[in-house]
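The following pair of complexes shares a single chain, chain A, combined with chain B in the former and chain C in the latter.
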Partner chain A sequence: MTTTQSTEVPTKAALVPATSPALRIQSAVIKYGFIFVTVTLFAYFALSEPSFRDSATLLDTLRYVSVAAILGLGVTLTMAVGGIDMSVGAVAGLGVTVAAKTMVSYNQVGLVAILAVIAAGALAGLLNALLIVVLKIPDMLATLGTMFVIQGTKLVLVDGQSITPGMTQADGSTAPGKFTEGFLRIDRGTVLGVPVSVLIFGALTVVAWVFLARTRWGRVLYAIGANPEASRLAGIRVGAYRALAYVLSGVLASIGGLILASRIGQGDVSAGTSQLLEAVAVALVGTSVLGRGRPNVWGTALGAVLIGIITTGLTIKGLPYYTQDVVEGAVLILALIFSFTLSKRRTA
Partner chain B sequence: MPRTRTRLPRTPLARTRLPFAALSMASASALLLAGCSQSSDASEKAGDSAAPAATATGKKPAPFSEGKVKVALVRQSGAGDYFEQWGNGAKAQAKALGIDLTVYDAQADNAKQATDLSSAINSGAKTIIVDHGFPATIQPEIDKAVKKGIKVVVYDVETTNKSVVSTKQDDASMAQAVLDVMAGELGKDAKVGYVNVAGYAALDKRDSVWKKTADANGWKQAFKVGKVTDSTATDNVPLVSAALTQHSDVAGVFAPYDELAKGTVLAVQNKKLQGKVKVFGADVSNADIQNMTAKDSPWVATAGTDPSAVGAAVVRTAALELAGQLNKTSVEFPAVAITQDFLTSKNIKNMDQLREALPALDLAKVSTADWIPNVAH
Partner chain C sequence: MSPTDTGTRGPAAPVPATAPAAVSLRGVGMAFGGKTVLESVSLDIAPGSVVALLGANGAGKSTLIKILSGVHTDHSGQVEVNGGPAALRSPLAARQLGIQTVHQRIGEGIVPGLTVAENLVFEELAQRRGNPFLDGRRLLARAREIQSALDLGWSDQVLKRDVTELGISDRQLLILARALATSPRLLVLDEPTSALSAAEAERLFALVERMRGDGIAVLYVSHRLGEIDALADRLVVLRDGRLTEDQSKPFDWDRALRAMLAQAQGAQTARPTDAKQSPLSGSGSGSGETAVSLKGVPLLPGRTPQDLDLRAGEVTGVVGLLGAGKTELARGLFGAEPFATGTVELDGRPYTPRRPADAIRRGVHLVPEDRHADALVPGWSLAQNVSLPFLRALSTAGLVNRRRENALGRGTIEQLGVVARDEHSTVEELSGGNQQKVVVGRWLAEKPRVLILDEPFRGVDIGARRDIGRRARALAAEGAAVLVLSADVDEVLEVADRVVVLAAGEIHLDAYGEDAERDRVIRTISASV
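Take a look at the complex of A and B:
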């Protein structure tokens, strides 16, 4: 029965008797191939470009990927239940707008903005859950729909304009507030030299890992993803858990939005849109880490780090952004081959 | 077509505060179209052919005398006709100077531009050129760079840091160049129309030149209309049409931004007033040249800078600053008047041909020295 799949997949690999050396090599390639690629690329850039191995560059790389990584964690949760959240980029963008609106237009303190942004993210997640669980729309289609609605909503909120401190508002008055110092510290501040956004990324990774891999709820999410019907028959409230995954994804996306808002330091109606594909990509790349062949938190985090290494390394090497897209796409495909083709062949 | 080739790619409006929605959509469409638009072909060729550099005679100062110099160019967006040509000019000039230029292109993602700038600071670049960007986003990083002793040159960025060299297109000279043509065509005491919007730094500067020139010539302003939207050109057609219905006897209309000029041209044609009402615009691009040289086009004059020459001049400015020879903190690039007669008589169809026919566009005298090989076009 596939329900047993919800326990660790690698244990299954251990069950396969590694009789022939060829099989053992293949098994190792699948298990460590991704980590090998990451380490090799890292070593290559570090050896050939002195500025790459600077700790400031490395922290910048992590800071750059922190948003895509956190959004990717949300995507990972929804992939665990067999769906996918395509609205994470839009929700992050909504977060930027809500943060700007709260602080600049309504002159509120940073904490109020943070709560408003997270509430907006949870609401967006609930909307996804409503469409998917109650109205039975397929995950990808439903979240694509909400993506458009949310992108439109954030423009409606601000009359299509990016909110800047001191701007003239629709009623002719001048915007009273600005981004508070405390709020700006989310991305611009450091603790012991590490950017706060990187610390948030690390903390959320650990929390999400504990939740997904070490609690009953996490195992239930995987079980639903593996076989919803069997899960239902086993007495699991499938709808409630799927809804939970989307609400958590919305909240994570809004935290990504907080970091973006802090990084940009003003409203920006175009923020977040570029994050969707990277978030999905890191979650997909993550499926190949340690040969698990399924969404997992450490994989997503490492996938984000790999994308960051590629982007930073190739930029320092002087390659234009479109060649980076080619390389990133190739890595994604390679990861998918690890995840699907090779691991299927092995278990077949 | 006029809608997709909107203001972000090549007008000075993009840097101002307001039209971010429009900006993002314009940049998105510019990105989508960059691969297939006719103009991108022309600009690619421009990049390749922009290489022939005049040979420098002077002795290179430090640090240029010591081999390749590392410079970073951090751009808000490199997509679209204007920005592609700007980038090609910058790259060609950097190559001629022996600069190892690293280009960071945020693709209109402002959060990425912040981390790009941060990476550039850590990359060991001696100078960083920042091309456009939100002040709130990049100012803290610019301050960091200055603190680390890196020279910073910005193009079209409002900055509060006194150590930063600020470069921009000279909007006043642009307006003046067109208005001089307009004064020659219409003479004194003419009845004129005006299409402009308040609240954008670039347009406000053009506006003040307009007021002075209109007063000096005794022009009577019959109407002032205009708005900037997501599709400025088409959205201004009804406004200008309505104004022309009431005041069909104006001799000329000043529309100091090419999207406004395009809308005005359409309105004049709708009212069948071409031949009676002359349109005076601003900015220049491949699309604008085609618009001006189309049959019966009422658009008789414009003024602009050559984005490729501007990109090259910004790099020269950065080189001078790094060599300690600039001795000023602001460089403006003057615009050149371009008339319909000139375009048609020389049979000019695009920016490349315009560059050849109008050497004044090449900014060869701006930010240069005997050790700098200017890139010519």
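Take a look at the complex of A and C:
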């Protein structure tokens, strides 16, 4: 194989030292190492635990990871422009509260709740964009700041209480509304046996992939992440595109919040907090999954699924739920080793 | 105290003429990835002498400095210190052998958050074994010692301040003082005055004079010829990795500049005659219509505003040393750093680009000076790098048409003779010259009205230079105004119809054809020193 290539392209062969089969296998293992590890684990779970092989288990796993995955897509967009959105968990949590408030306290229909949640997400994204693009605060610090502000705002909105149908409100009256049937179907309903939330996850993945990998806007986002000054000198309005990435991230996070709200069925004030680290982890794992070494949509989606498989598998194996964070953290570190340490050694 | 005895030796008092050189280079060479950047450089630097090192960008100056400061260790040839072979294995080893380097960027030398005194004795702080606790009094005493030995004029109050409260010139002096406190044998100063005003530079010159008196050898790297004239005993010129000129005072500046800015005689005859003769005997004579007209535009702050017209159908070459205002002119026209005042017209209409996007919309394109920092997107393919500014034209409903994009990449390969596997090659796989062709090709994807090329031939081989030059001339022939800015006289003469000499932000010569003859251009530059 090596020889045919070097005869076809003699000039390149002169530049690049011939790679031995052993080296190629090594580089393939590094490139696809993370997938390799997960497939091995998957096979192990599937062979040793019959319940893991059940399609319901797998769909449940996907349903479970859909929120972190959708938030991770937003993080991926912001990572593409060289930043990172740390406020996605808080924005999702805000979405839960806004959905509950709209339907339970204001007695509105599900569609109004959906629009309100998405508007709130876009607004949060605009706030991030303002801090980062206009006020020039470093991405991570700015979004950490908004994370706190959004979490706090959420508590202020509901006077620090979770919103449940029929609850007694601050003015002594009883909350007039409830989560509508249609809204609850976002997470609990199925189409042809597939949970709606999983379908949303799949659809958003495809849309985000087309946007980031196939449109000129996505191309420009990557250019900004890779070399902002060159992008500016190529005539790109760098600030506008970075703002776009954060607004889209806010909108995606709010969609994650909609699924979360539908899953919980009430305005849980603590919702969303655990989603942040998972979303960031998923996006980081995504940079390594396909050996691209840069944020990419398929990597993020696949990364979420892989993390889901591992945690589900270990849960079925009898690992207590409270060890889950340790496992997810270890998976993240493993992925980072693949994408930084090992791939560096390969190029050195 | 010091691990080697050489490190503790003080500067020799007045040295007899027969004393060995403080530092000698014997046939030192260096290559990066097969490209030779230094070739057999031999140089003796005598104790107590100030040797000025001149060279255009990419001549190999920084490589030479890095070898002397122990950063590049895999060079060929030999470095001798005090007559004996020396191994500059690391920056620490170089310092211990008595070679101190003060780098151009002052920010890299000081440690914010520490006091002036702590910064002065920082090397001792950083290396001291033994007592891990700072002894404030001892430290201050040592700092006081250094400051009085060098007459820095800093009171205890100043020494106790945070170093960030110092002005830029005091910071520069601090770094120098720190280097001198170790009693070096050779001090390498890399563009020490680039950030200083004239008055501030005077203080630095006084220190350099002092070093000479103390028998310290100084290698003074600068592009400010006036300083060199005043300070140096000797000047050497580095060109394409070779020492091409070596003069003692008084200096013959015409000769020095020719060695620095123009092709060596051998290289010139090696060049095909068509390339040498085509442009200046060419058509341009100032008859074309005016494309761009600058009026009252200051190119450098505080300098006289300049007027300049660029005509369609010709290549205007702007020659000038580093800091002459070339890049400011290019970036101003492109809207990357808009001009402070003055008016600019493009084809008779007002032209005030506030950002590059505005310039591109009006057909003004810039190939920037630094292709890695300002043009190429790392990891991207050739085709993707070419298409970046004009993606809209390649897209339908936002989707990038990759077939057309690839065709554009192939077009660039063909038009400019890019040596690449194909349009999918990443830019990292290409040589410097071919990377530069990609950047040029990017700005030809849509036909420019004005094409600005800032140092387009830097780090580019002769073949690529000719390909790019030919393309620039062809573009002018099609009616565009082309502006080429370079510090290299011959590069400019090779492509330009008209030559403009820029020095310190002001135009000193503006001539066509026979009037823009090589010696005249060089004389103008040296007269403007």
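One rule holds for everything that comes next: the second predicted complex is superposed on the first by the 321 of 348 C-alpha atoms of A that agree within 3 Å, B and C clash if a C-alpha of one lies under 4 Å from a C-alpha of the other, contacts with A are read in each partner's own complex, and residues count from 1 in each chain.
Rule of thumb we're sticking to: a contact is a pair of C-beta atoms (placed from the backbone, for glycine too) under 8 Å apart; a residue touches a chain by one contact, two chains touch by 3 or more.
Owing to the predicted nature of the structure, the values given are computational and were not obtained by experimental measurement.
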- Partners on chain A (chain B, chain C) - clash or fit: fit
- Which of chain B and chain C A:Asp268 touches, first, second, both or neither: first
- Item | Contacts of A:Gly160 with chain B and chain C, given as first, second, both or neither | first
- In the superposed arrangement, which partner chain does A:Arg232 touch: chain B (first), chain C (second), both, or neither? second
- Identify the partner contact of A:Glu181: answer first if only chain B is touched, second if only chain C is, both if each is, neither if none is. neither
- Winner by number of chain A residues touched, once chain B and chain C are compared: B
- C-alpha centroid angle, chain C to chain B via chain A, nearest 10°: 130
- Message: Just to confirm the value: shortest Cα separation between chain B and chain C in the superposed three-chain model, in whole Å.
- Response: 33
- Hey, which residues of chain A end up touching chain B in the complex? 50-51, 54, 56-57, 60-61, 63-64, 67, 155, 160-162, 164-165, 167-168, 179, 187-188, 260, 263-271, 273-274, 312, 315-316, 318, 320-321
- Message: Which stretch or stretches of chain A touch chain C in the complex?
- Response: 9, 11-12, 15, 210, 214-217, 219-220, 222-223, 226-227, 229-237, 294
- Inside the complex, what are the residues of chain B that reach chain A? 17-24, 27-28, 100-105, 107-112, 114-116, 118-119, 121-124, 134, 136-137, 140, 199, 230
- Enumerate the contact residues on chain C facing chain A in the complex. 334, 336, 355-357, 359-361, 366, 368, 373-380, 384, 388-389, 391-392, 394-395, 398-400, 419, 421, 429, 442
